[in-house]
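These notes open a run of structures that come right after.
Two complexes follow with subunit A in common, the first pairing it with subunit B and the second with subunit C.
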Partner chain A sequence: MKQLSGAIHDLASEVVSVLRDGDHRSVAGAGAVRGDEAVLRVAAVRALGADVLLPTTLLRRPPEEPVLALVREAMRTYPPGPDASSATVWSHWAMERTVLRLTSTDGVPDRGGRRPTGAPPTAQPDVSDLESAPWQRLTHQLAVLGALAVPEADSAVAEVARRRSLDVSRGFVRAVRRRDWFQAAGAGRWLAAVRGAPGTLGLDTGLDFVLHMGGADPRVALHTHAARWMRATDPGGGEGAPS
Partner chain B sequence: MIETPPPEPRPGARPDPRSGPVPADPALIHGVGDRAVAWLHRHRDGFHPRPEADTPDREVRDRLKPIGELALIGKVLFREGVAGSRQAARSRQLLDHAWREQLDGGRLLAWMQREEPLSPIPFEIYVPFRELGYSSPEVEENARLTHRLDSWAALEALPVRRLGLAAFERRFGLPASIDPGEAVGATWLGRLPEPWTVGLHIGYGITHTVFHLTDWGENPDGLPTDIAEYLARWLPAWTDDWLEIGHWDLLGELLVVDACLPRPALEDQVWRAFAAAQAPDGAMPAQGPLPEGDGREIFDEVYHPTLVAAFASVLATSRAMGSLIGEPA
Partner chain C sequence: MFSTESTTRDLHKTLETDVEAALNPTEADGVFRDSRECAALLLLAGALLLSPPTPRPKKG
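Let's turn to the complex of A and B:
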């Protein structure tokens, strides 16, 4: 599995690079690969989920067809099974939702009728375990579901994150204290997406701190750059909660 | 001799985040303090600043610090009505013993004032005793004389210590040597910084800032609104952290802070873990399990967390009982 973790690492690094520099390089889709490498790349795309399309989502660029094709292939190849974890189901849902949003208006399939297989995006997976989770576990779970934390997020997960933003803020504090940079970055990304950080949290300096301390891990850098992007482009300055 | 059995875990008390954390059973909270005071009472000779006839003067001065903590916390234990007559009686005996036997009716404090006129320690220790009715004209004269010196106001101290001095001056009836608002603003907590930067030393700074602002829990209204709101937001993240680390000394102080808030959480999960860390004889370890060693070594290690456990318990019990009878938040 070391190869897969390496492929995920490389793919996340590519996404980070595009987010950081804002350039027009392609993510993942450039260059044809075959055999094991192709299989590995699809698996890495599945692992990273909708975040493969994050530059398109955040930078508001038209989607690149080769990247979309990769995401579709990942969805086809790795559909969530009947025993899939909630995180897997949600991750799949986010991919579907993102592809639909980028290729159609109002969630209608595109001209080619290329609607992803699986549950329709309107039918959202269950969030009751998130709603009842203590704030520590909530933050852990949300970090895993970080790909759902995008501007104007309207999923049921985002609704929980919005409603429990103080809990997520406490989770951010806990994660930084524990030097769990991935969880801190994920919590910070959610707080940026739902504009839920109290002013005294110091989210902006916190994101800088997390990126500096844990950014060698591209998954940390990805969440952090996404969060900083949302904070920087938020017309409300990211201050949606009282201090 | 154990007066209150250690608590049994309460099954089915899983917190529902939608309705806030489940508050602890007041009986469980009270039991922690009851056992802690019993331990302190049994080990009261450990507070003696000159345990041996030939104890060096330098060590005697160092050993005044525990008596100061005993005085400040013992006063709260004695004054809190819900402490129960047995606990209040033991607290009073502890304070009596400390004043008469260990401070020699205040003469030891006066001795230290002559040795180190600018040390605020004798003054800080004296104030709670004075509030309880003990008095030493010599200590008071020395304190008033020193307080008039520019050197007293110029003493270099951490802002939280300076805030404490301002509070003791107010409690004694002396003009403040620093503007209280300025003193609060200079502390870490007064600036409401990023809560994720809190470490052990900052943690103790936070708790002592709250102690001074509330006169060691006697006046919770002394907390400025912005600080109370800040603490209500971030305290759960810190208690969770030091609970997991098993740092019972700082956790106990954070539980005191909780009990000083307008709406204390008195969280069941945290109090149960705190109670479980306490030894059956009432001693509270500072961190992890109880240390091993001779009686003196163990006393030096555990007297502080045990005092803090009694302190947190008496305030939290008071707040829990207050909420049961409908005390306004």
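Let's turn to the complex of A and C:
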């Protein structure tokens, strides 16, 4: 686990670096690795999920084929099993959805005929456990599913986050008070994605604080940079819910 | 060669479990700062700073 968490941190750092600097470095796909290192990298891509493609999604760049190939390999190698948790199934769905969105239009396979295996993009996993979850658990689960929080997110998870944005705001404050920077960053990212932060929350200042306190963890930095990017590019200023 | 393949297979099996764990983390324990404890520590530190120096025996 220690080996994998190190690989996940390295990969998240690469994504953060591209998001922060806006340069054209390749994430994960650069450089040939073999043997155990290659196996570990595929596992790290599966764990980080659709966020491996976040620079492509946010910066609206054409996807790089080596990165796409790596994401496809991670999906093939680690498909959700019959007893997989909701988070695992949703994470896999998000990867499928992102690859499909980046390589095709309206769900049509790309010119190479490639299409992610598994469920079609319209069939979404169950979300009932999120709908009925207390706000504390909802915030935790949403932070785990942070890769789904992207601009114009249209998943069922995003719909729950949008509908329960006040609960997510409470969760953001609770996470900051508990100094759970990963959860705070994830909740902040969701609030930015669904434009659900009440004006009184002070989300921008909160995100700066979370980045300052927890930014040494690249997964925290990744969520925070994604949130700040969405806030900065939101024409409505990011304030959605009434204060 | 067989040994290398076997090791890689073992690593893959271990990673399957690790990936599942990474995708389903439990909520981290909160680290709270108790305001009253902080205030008490601040008062103590202030009192120590403002206290007169310890008397020393005069030289000679």
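The rule is simple: the second predicted complex is superposed on the first by the 243 of 243 C-alpha atoms of A that agree within 3 Å, B and C clash if a C-alpha of one lies under 4 Å from a C-alpha of the other, contacts with A are read in each partner's own complex, and residues count from 1 in each chain.
Rule of thumb we're sticking to: a contact is a pair of C-beta atoms (placed from the backbone, for glycine too) under 8 Å apart; a residue touches a chain by one contact, two chains touch by 3 or more.
The structure displayed is predicted, hence computed values, not measured ones.
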Clash-or-fit label for the pair subunit B, subunit C on subunit A: fit
Touching partner for A:Glu65 - first (subunit B), second (subunit C), both, neither: neither
Partner chain(s) touched by A:Asp126 [first = subunit B, second = subunit C, both, neither]: neither
Partner chain in contact with A:Trp135 - subunit B first, subunit C second, else both or neither: first
Touching partner for A:Asp154 - first (subunit B), second (subunit C), both, neither: neither
First, second, both or neither for A:Arg177, with subunit B first and subunit C second: both
Which of subunit B and subunit C A:Tyr78 touches, first, second, both or neither: second
Shortest CA-CA distance between subunit B and subunit C [superposed frame, angstrom]: 5
Where subunit A meets both subunit C and subunit B, residue numbers: 136, 177-178
Subunit B-touching residues of subunit A, taken from the complex the two chains share: 131-136, 138, 164, 166-167, 169-174, 176-178, 184, 198, 200-202, 205-206, 209, 243
List of subunit C residues in touch with subunit A within their complex: 4, 7-8, 11-12, 15-16, 18-25, 27-28, 30-32
Residue ranges of subunit A touching subunit C (in the complex, touch as defined): 1, 4-5, 8, 35-36, 39-40, 43, 46-47, 49, 77-78, 84-85, 87-88, 91, 136-137, 140, 144, 177-180, 182-183
In the complex with subunit A, residue positions of subunit B that touch it: 15-18, 192-196, 198, 229-230, 233-234, 236-238, 240-241
